[in-house]
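Mind having a look at this structure? Questions to follow.
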Amino acid sequence: MMKQRSFCTSLWQCYFEYSTPKILVIRSFKVGTLNRFTQALVIAYIIGYVCVLKKGYQDTDTVLSSVTTKVKGIALTNTSDLGLRIWDVADYVIPPQEENSFFVLTNLIITLNQTQSRCPESNSTGFYCTSDRDCRVGLRDTRGNGVQTGKCVNYSADVKTCEVWAWCPLEMDAEPPVPPMLGDAENFTVLIKNSIRYPKFNFNKRNILPHVNTSYLEHCVFNRITDPDCPIFRLKDMVTEAEEDFQTMAVHGGVMGVQISWECNLDMPSSWCVPKYTFRRLDNKDPVNNVAPGYNFRFAKYYKNGDNQETRTLIKGFGIRFDVMVFGQAGKFNIVPTLVNIGAGLALLGLVSLIRWNGAKKQIPHMHSPLDAHEQEQKTDSSRWFPPYCLMSYCVPGDLHTG
Amino acid sequence: MMKQRSFCTSLWQCYFEYSTPKILVIRSFKVGTLNRFTQALVIAYIIGYVCVLKKGYQDTDTVLSSVTTKVKGIALTNTSDLGLRIWDVADYVIPPQEENSFFVLTNLIITLNQTQSRCPESNSTGFYCTSDRDCRVGLRDTRGNGVQTGKCVNYSADVKTCEVWAWCPLEMDAEPPVPPMLGDAENFTVLIKNSIRYPKFNFNKRNILPHVNTSYLEHCVFNRITDPDCPIFRLKDMVTEAEEDFQTMAVHGGVMGVQISWECNLDMPSSWCVPKYTFRRLDNKDPVNNVAPGYNFRFAKYYKNGDNQETRTLIKGFGIRFDVMVFGQAGKFNIVPTLVNIGAGLALLGLVSLIRWNGAKKQIPHMHSPLDAHEQEQKTDSSRWFPPYCLMSYCVPGDLHTG
Amino acid sequence: MMKQRSFCTSLWQCYFEYSTPKILVIRSFKVGTLNRFTQALVIAYIIGYVCVLKKGYQDTDTVLSSVTTKVKGIALTNTSDLGLRIWDVADYVIPPQEENSFFVLTNLIITLNQTQSRCPESNSTGFYCTSDRDCRVGLRDTRGNGVQTGKCVNYSADVKTCEVWAWCPLEMDAEPPVPPMLGDAENFTVLIKNSIRYPKFNFNKRNILPHVNTSYLEHCVFNRITDPDCPIFRLKDMVTEAEEDFQTMAVHGGVMGVQISWECNLDMPSSWCVPKYTFRRLDNKDPVNNVAPGYNFRFAKYYKNGDNQETRTLIKGFGIRFDVMVFGQAGKFNIVPTLVNIGAGLALLGLVSLIRWNGAKKQIPHMHSPLDAHEQEQKTDSSRWFPPYCLMSYCVPGDLHTG
């Protein structure tokens, strides 16, 4: 008769109760092997993957970084517009300072001595006309260069376009020069100073390593084999490592990524914590889809002539923008993640026992493991126990060893 | 008598042992339904949420992105200071290039022909005086415009202020013009070129999609219905989508966010991986707390006059800064997260059985499920088993079906 | 005899089955205490750590932020080159606007009236010569200032260097002035406007708090004790809080980080959500490794003289770049993470029972807990049950209480 009992006659009794499932120990070659194999897999996962590979015993922190850059180099050009001209860093780095990137001019289309006045619209904008009626006063089309005055004037001997109020003379809408005007830029060098910090571990370091002194810094250039610690990079080398040709890229410009990676294991000496540099072209140079290639922008220099009239020099500058991206993670031994991962691993081992094996389906009705006298005696009793070889509810009995 | 047995008489025997809890199978309508319902919930969670919604079978990667922008457009102003003047991209984008943002001038207060000289301090700074004793030589107050010379001079017919050595004439501290001077800026367009890469999957793409050719790019403007693939955006459209009025925002300036989202499922064709654009006003335009609204900064153009004396034009520029923010995540099928999630799901199913149901409290002392002869015979034996219907320690017996 | 039974004679019967492990309830002081202690640890972990400390009942979101800055202040210099000169914000903030940072010039080396012409190379570059044969036509060394013409000319009475085509006169390669020229910069103030948004919770806020009005904003300066809500910071105070001396840092320049932290609990009133400001020097000022200290860059102002010849003023500017970094996380109660964490906690409690205690090893062969008559009667039966006091496979029997 089943009795309804209250097992907590007093809270005191309840406090001291401990519920545990009844455990059967089955001795079987096949099942035991499967069981140990699974446990070995779990332990190998914990030790191999969690501890060794993923360093689960470590606490981690993400890098905080500050970057400053400084380009050096001279370029020489000789054109009909400008004559013989040298370009130094104040001329070709625009703007002169940025937070995590720097731009180097490599090619340009220059329009000198522009003043606010009237001139015929450029023929590339499509504003052809035959008479004044074809032009609209005040029209400011985004493809245009100025505001239409409403008059139709001669652009050239054969062509008439609408007159505009604009910075005249207009820029000639042409392709950029090949070879690039500032092709000398490939020999420019950039000093990249990067300070990093892992705040959780109060760890600071610079990419100018302790053994680098001023005289070395005045002459070295980064080379993966001979000078891996020199923080001065030649622009051509960076572009070449990104599997690009500098002179080709310099015609229309582009965007380069300078990736500095600081993966540090702070359980090791701090001198092992060094940056790794990689270079990649960030803008997509798709040979098939070559619409709007490269990188360019327009800027101007403003002057006042003797009559206090403002003039400007318009420059459509093509160049390479280098984006410096710093990332990294540091790890250091900490008792908390160690215990958490060990605990999770033990829980995982515990869950293995909840899996009920179907491995011995073929072994019915006899098992091969020897039973001692005590077990034989219990065999009749064990017949009422649920065979452990089950997949969901389809089950077959097996030899059981209980005690 | 309880016997103390060692179950590991030899390590070999120990190796082949497999411990499993004894399982009771209870056949009961109510409990079985509760059990299957819970299992169905867990399976629905695994399949529906983990697999379908969260795509747990996929490995993920975060986007690496590079952005370049190019604004086009002409604005016309006609003021007493400057006369008739057109403004093109070299005039209103300051600075001419930035990494992930661009600024467009929409309004300004201009002070021409400033030179380093002496003039009365502006009356808005509060440096009134009646005699030289009220002024301090060398005082450089942050609210002031220059360094005080110690003299008290006439600011106007009625008012005297301290004289300063400064860029004179001083800027008139006035509210910016309404309507905004460069209100034409609403029709400017910006070409945003965005190249993204998912390094883990070696996947590159541009927001200039493969089917977009040069002639389309010369004329299209982004429109969510007619031209969703055009990467050229009208400034007014972006501001309107952010539920702002361009002309109102242009008076004091502001900050707009252009969000480009690349959520890609790389198990699908790559043509399905397209960017989604959203626009938001980032600076807080709080109608209640309207202190220091908008966005402005001062810059100057420097000239030298015929006497080699430096003059400058000071511009307090108000405008809209557009910050381009690119984010996204890609997923691709990978065997490792698939197995991990399946394993976690099975573990969750396994944990379901640890929950002991109180569902059948009302069913004492008889169950409704039929018992066959074998079970009846065992009923007396089963009375010594722990009834499964428990919540914590309060338990009632139930019908048990064992085998 | 073991019978092979199929427990799913019909799917309907299978549906209503519920498998549960047989549970033994052991009443023992030692084991019960260990058990309750472990459960208490788990519950304390769930309530204390997961709920209270880590706020596991909350959904979280990362901050979206936009920053604008505005510097104010006047500096005065008096040098032989420039004479008496004041510097205002358009003169010392370069470039005039940036996305998340601002640069303030604190020291400079100025070279006036440069034109493109020939002059002897600077002696610091090392291009000494005795005759024309020591100089190479067209050599553009990165350490040089121009392109060599091939001639050897007098640099000074004693020294001859190679002639170069460059912006002449060349910059004197000297150390920056001490004390810094724009040392007045320490009294400059910067208004930092920061708007943040937690998109998931549709929560917006500015760092200009609701109670701050225009008149307060015109006069206040941030002070941790008297004015913690004022968003205007004196440069000197920021540098001092970072444990640096402004005048020392201003000589060679540097990089400062302004960290704005928005950790908000949105279950609390929104007025509790306020920013916290901290200041740190980001570039590494290592007294031992003092190679390439500080932060400087070159920029130029271009002019045209009366003969329409371009001249420029080259400035090697040293200064402090302030990088504004905004981060934060908001939490708000949400039913989903609450249920997930409660569920995970209950699962953890359930896993506790899988641990089999070795605590009672010493208690063989008798237990101390009283058994009532029913238990005594069952003792012979229970002798066939697996004793719960086991570590791995080494086990000892214990008192069992079953029912």
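Residue numbering begins at 1 within each chain, and the chains themselves are lettered A, B and C in the order written.
The criterion applied here is as follows: contacts are C-beta pairs under 8 Å (C-beta built on N, C-alpha and C of every residue); 3 or more make two chains touch, one makes a residue touch a chain.
Bear in mind the structure is a predicted one, so any value in this text is a computation, not a measurement.
Q: In degrees and to the nearest 5, what turn takes the CA positions of chain A onto those of chain B?
A: 120
Q: For the two copies chain C and chain A, is the contact made of the same residues on each side, with over half of the numbers shared, or of different residues?
A: Different: when the shared numbers are divided by all numbers used, the fraction is under half.
Q: Using CA atom averages as chain centres, what separation in Å is found between chain A and chain C?
A: 17
Q: By the touch rule stated above, which residues of chain B touch at least two different other chains?
A: Chain B, residues with two or more chain partners: 3, 5, 7, 17, 19, 21-25, 95, 98-99, 303-304, 306, 351, 353, 387, 393, 395, 403.
Q: Which of the residues in chain A come into contact with chain B in the complex?
A: Against chain B, the touching part of chain A is residues 1-8, 14, 17, 19, 21-29, 31-36, 94-95, 98-101, 103, 116, 138, 140-147, 165-167, 255, 257, 282-284, 286, 288-289, 291-292, 295-300, 302-304, 306, 308, 312, 314, 321, 323, 351, 353-357, 369, 374, 384-386, 388, 393, 403.
Q: For the complex, give me every residue of chain C touching chain B.
A: 3, 5, 7, 13, 15-25, 64-66, 68, 70, 72-76, 84-86, 88-91, 93, 95-99, 184, 187-189, 191, 193, 195, 197, 204-206, 208, 210, 212-214, 217-218, 301, 303-306, 311, 347, 350, 353, 364-365, 378-379, 381-383, 387, 393-397, 402-403
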